[in-house]
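Shared between the two complexes below is chain A, which pairs with chain B and chain C, respectively.
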Partner chain A sequence: MAAEVSVRRSVRTELASRVASLVTLLALVALVTGLASLGSPVLQNVLVNNLINLILVVGLYIFVGNTGVFSFGHIGFMAIGAYSAGLVRIPEETKVSLLQLPPWLERAHLTSLEAVLLGAALAALAAAIVGLPLMRLGGLTAGLGTFAILNIINIVAANWNAFTGGSTGMAGVPTTTGITAALSWALIAIVIAWLFQQTRLCLRVRASREDEPAARALGIKVVPDRALAFVLSAFVCGAAGGLYGQLAGSFGPSAFFLPTTFTVVAMLVVGGRYSLSGAVVGALFLASVSEGLRRLEGGFHIGALHVASRPGLQEVGLAAALLLTLLLRPRGLTGGTELSFTDVGRLRRFAPGRGRRKHEESPA
Partner chain B sequence: MNLHLVIEYVIDGISLGSLYALFALGIGLLFGIMRLINFAHGELMMIGAYGLFFIVSPPWPVRIAVILAITVAAALAMERIAFRPARGADPDTLLITSFAVSFLLQNLAILIFGALPRGVAISPFLTRSVHVGSYTIPNIDLVTVGVTAVLLAGLGAFLARTRIGVQMRAAAENFTMARLLGVRANTVIASAFALSGLLAGVASIILVQQTGIIGPTIGVTPVLAAFVATILGGLGSLTGAVVGGYFLGAVTVALQATLPLAFRSYRDAFVFAAVLLVLVLRPQGLLVHRSTYTRV
Partner chain C sequence: MSADESLQASGIGVEFAGLKALSDVDLELEQGEILGLIGPNGAGKTTLVNVLSGFQRPTTGQVLIGSRDVTGWRPHKLALRGLGRTFQSVRLFARMTVFENVLAGAVAGGLRTRAARDLTWSLLERMRLADSAALAAASLPHGEERRLGIIRALAVRPKFLLLDEPAAGLNETETKDLLETLSTVPHEFELGLLVIEHDMPLILGLCDRIHVLDYGRTIAEGAPHEVRRNPKVIEAYLGSAATTEGGARADG
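The block that comes next holds the complex of A and B.
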């Protein structure tokens, strides 16, 4: 009996610490957003962009962090989200003049929120179609395969003139994504990722990440489990795309290709790709670094137009940050642990060295 | 479709496949030995291409030698600065490292040379064609196929006959065991990088002579083709990389020939989709290498 009570208690404290870490992350994001929203309109714009990046990073983390399979394809799912949200948000007259759509799609009109959900759902559908064959390839090869997915989506977006506007892209999407919408979705994304981590499915994909043969020997069906995680993470990235489409107003296929992929991958890896906290911290940290670099580039003007005097500097800085992280702290800033306000007194968690321990794992 | 046309397509396919095989070999060599999937291989080609843009005056043999020296040196520098410190990390970390190196080099090129693509003069000899019977074969295709054949034969002989080549194969088979038997890790890995630099240099020259355009992102598409070819052939197998390259070339040309005009701009999307379909049937790739196979 005594043992049972103590197990129950430890389960309770375990859950409490997981909830504490969720609350910490939500509070952190809300706090940073609150502070940045006091800034100039330009900073606010940067803020919304980076909240969308945060959603992408969390979405990518759901798959990459938990399954250990890398993906370069998630920005493709973002593209699907953005284009489908655009198709149901552009006013009918604009659609008629810019695109050649079937009549039912020309008439289709959804609210801003519904458009984001539609984008997320279609992205998830695409991931469901390619997920199983991709995951059959096995970890590393599947990661390379996702690169082909990104390319397929990019080629289709750049050539399907009737639906996507081709290489010039889509225009006339009402720009309704503000700080509130972006923040809400960022918090929702974090909650989705956290809830996912409480499921048996997540435990199974993590087991197959640590040791695939052992996981298989335990009867875990690695391929379908990974594919499910892939679908959920594509859903979140699709939502980010829907938000992005309604932030940018006009966008083309180049918005959803390697540079964005790189930014999001760098954020995830620098923060620490094996914990949700890593995803969040990485997104916030690199967003600040890259904003600092943007100002250094020298072409920073208040106003809508932004002409950098040294294009490329920001990206070089990001790449250098990523390389340094990989060389000095390959498991990222958080080293695979979850942040929690209850740990403030124990900052030694983040001393170097801890992060290097292989397969260190915190449950939340 | 008449036979004449089919034969011209076959020639196209072999030429394109040769180029893809060159790309894929550079990736496959490094993967076999150190489990590194080198995104930055494309940037070695980018460096070679800029070399071709800036070094114009010397005669061709000197030009080629200088460019190959540059790409080999760049590959060695890349190994020393970025990949040696990361050696022994898991393949994921190595993959992301190379992604970072690739992005860094691309953007350094944008910082230095600007993002706009530039034109490069194509050698007049290569724009001409040879007429064999009723067939017209562009010289560039002959050169591509010939150079690749020579390189493949040379690489095969190098791996089979020379001391360092044998050591490289041993390292690809079982790196730890090879080291225990006295193979020097640094030498073997540096040689592999030097070879991949050489392949990238040759590929960049051929590529630029085909397109006449260079730019900071010139290496992206070839690397993607190389990835697809190596996956198709089976990661870790050099023969697989070559087979995958030629297969990819064949699929590309076949689709180019048979796709309806309206879909032709989607050709590469269909190529990748076709490759993914092949992989549904054969997830390990066409040839499986012993060292990458995990028994479950």
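The block that comes next holds the complex of A and C.
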């Protein structure tokens, strides 16, 4: 019975360890942000962009990590967030001259924060509309289905000239997203993802991820449950879009297409898509690698040896990191575990090749 | 939903591309009883369980829970109407803990977190798996994996529970252990238990009634001692086993 008491205790203290892991992640992001914010204005700009990437990765994780279904469509929800925020932030006279909007929308004006929330809400609404039919798909077909959504949103953005500015894009959005706003939203996104993981809904979608027939046999409604996770996840990506729009000031449809999708997916996979820590660590890690490579792109010296400029080094580096992860450590850097400052011993698991690979990708 | 509803299948037929997996099978399961479903490999036992649990739509026939026609209902809907099942291949939620596996069942059954946790603990204790609660389901030895599969299904609080070869791959001790547990389940949890099994002696000892399938048809049903003597059953199913048993006896 003594063993049983300690098992009970270990299950009960699990909540405490989950809280510890949340605190660890929040502290990690705040720390990295704090350090990077001391750098040059260029670095600060890179920082804000990467905090937005982190929000996207965490948003994508809410769906992909917990449901096990892949999505290549979430950057479309980012686009919805960015354009919606833009429409309520661009000064009225600029809207009149650049776009052809209905009068009520020309007059519509919200604060920066409200614009982010509006973008998030509209992205969630779009996800709710496409979610139910889309969630009937699984595996590769889900990947293709969500990719189709990305394309549809991209094409609409490029051709709905009156609202989006078409392929030239939207301009004149006040650039109000700074380090504080981006960091706050990054922390909020992590808290949202964490809270979601404490819900019964999340337990159900994770059960369906592990074994769909078994989940159905227990009474789990797989499709609507997944659709709810999809909507929440789109909400977070929509918020990231709202922040991005107010960072870039002007942007076109190409900002929300393949390169961004690839970056965000790579961050999630490299970090480890089965844990929130994986999403956060992957975003921070690849952001650092990518920034390092960007600096080398312009050419550099090793002693007397001059290496000429290598445009594209950054993108190739990202792709290589993704490829290496898939080959060597398919469950990502974190291997599906959550980081926590209370359990430094776990860091051992980060040694290469020590991931629990027994059950990798093998449906029962 | 009265307490003494029964699960009733009548005239069940299933065809796969012209091949008859089941034809005209009638089966009834009462709450509180244990029904054994036996038959040689390929007799259609799992197909019948798939029909009853909504994983296979029957070509003909009707499934009733109480007086409600549930033919063609989806698995999750049937589960919430009181129909639980396990799988031959167990299908645990491998990367979740033992505790979470059972909790998922309790939550799927509609309990709120607090009540779901309480039920999970009491089931794990009752079924002697509480010590392993914090382990990953994938790390359990085979015998405990199968037990966890049953506990997870019990957590939904089914009125009818269909077990697809619960003793597959278990050694003798584990099987005996499992049988002892199963024999008390129907009364303790107020449910009807249907058990698919290959092992005749095992099933004859456990069940109140036996239903025998061969080539997708019912060839016998009744009390264990009747079924054991049924010539059709001996021919179709016991033939080789009876010979082996006789041979062993002659040797001794």
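Operating definition for what follows: the second predicted complex is superposed on the first by the 324 of 364 C-alpha atoms of A that agree within 3 Å, B and C clash if a C-alpha of one lies under 4 Å from a C-alpha of the other, contacts with A are read in each partner's own complex, and residues count from 1 in each chain.
Criterion: contacts are C-beta pairs under 8 Å (C-beta built on N, C-alpha and C of every residue); 3 or more make two chains touch, one makes a residue touch a chain.
Remember, it's a predicted structure, so these values are computed and weren't measured experimentally.
Novice: For A:204, select first, second, both or neither according to whether it touches chain B, chain C, the two together, or no partner.
Specialist: second
Novice: So in the superposed three-chain picture, is A:336 touching just chain B, just chain C, both, or none of them (first/second/both/neither)?
Specialist: The second partner, chain C, only.
Novice: Between chain B (first) and chain C (second), which does A:327 come into contact with in this model arrangement: first, second, both, or neither?
Specialist: first
Novice: With the two complexes superposed on chain A, say which partner A:274 touches: chain B (first), chain C (second), both, or neither.
Specialist: second
Novice: Looking at A:216 after the superposition, I want to know if it touches chain B, chain C, both of them or none. Which is it: first, second, both, neither?
Specialist: Both partners, chain B and chain C.
Novice: Touching A:316, do we find chain B (first), chain C (second), both, or neither?
Specialist: first
Novice: So chain A touches chain B in one structure and chain C in the other; where do those two contact lists coincide?
Specialist: Common interface on chain A, chain B vs chain C: 213, 216-217.
Novice: Considering only the defined contacts, which chain B positions touch chain A in the complex?
Specialist: Checking each residue of chain B against chain A gives 37, 82, 85-86, 89, 91-93, 95-97, 99-101, 103-104, 106-108, 110-111, 115, 217, 220, 224, 227-228, 230-231, 235, 265-266, 268-269, 272-273, 275-277, 279-280, 283-285, 294-296.
Novice: Once bound in the complex, which stretches of chain A touch chain B?
Specialist: Counting only chain A, the residues touching chain B are 68, 70, 72, 130, 133-134, 136-138, 140-141, 143-145, 147-149, 151-152, 155-156, 159, 212-213, 216-217, 258, 262, 265-266, 269, 310-313, 315-316, 318-320, 322-323, 326-327, 330.
Novice: Help me check something: in the complex, which residues belonging to chain A touch chain C?
Specialist: Listed in rising order, the residues of chain A that touch chain C are 3-4, 7-8, 10-11, 14, 200, 203-204, 206-207, 210-211, 213-222, 274, 336, 358-359, 364.
Novice: What residues on chain C touch chain A, complex-wise?
Specialist: Chain C residues touching chain A: 53, 55, 74-77, 79-80, 84-85, 87, 89-97, 99-101, 103-105, 107-110, 112-113, 116, 121, 125, 130-134, 138, 152-153, 155-156.
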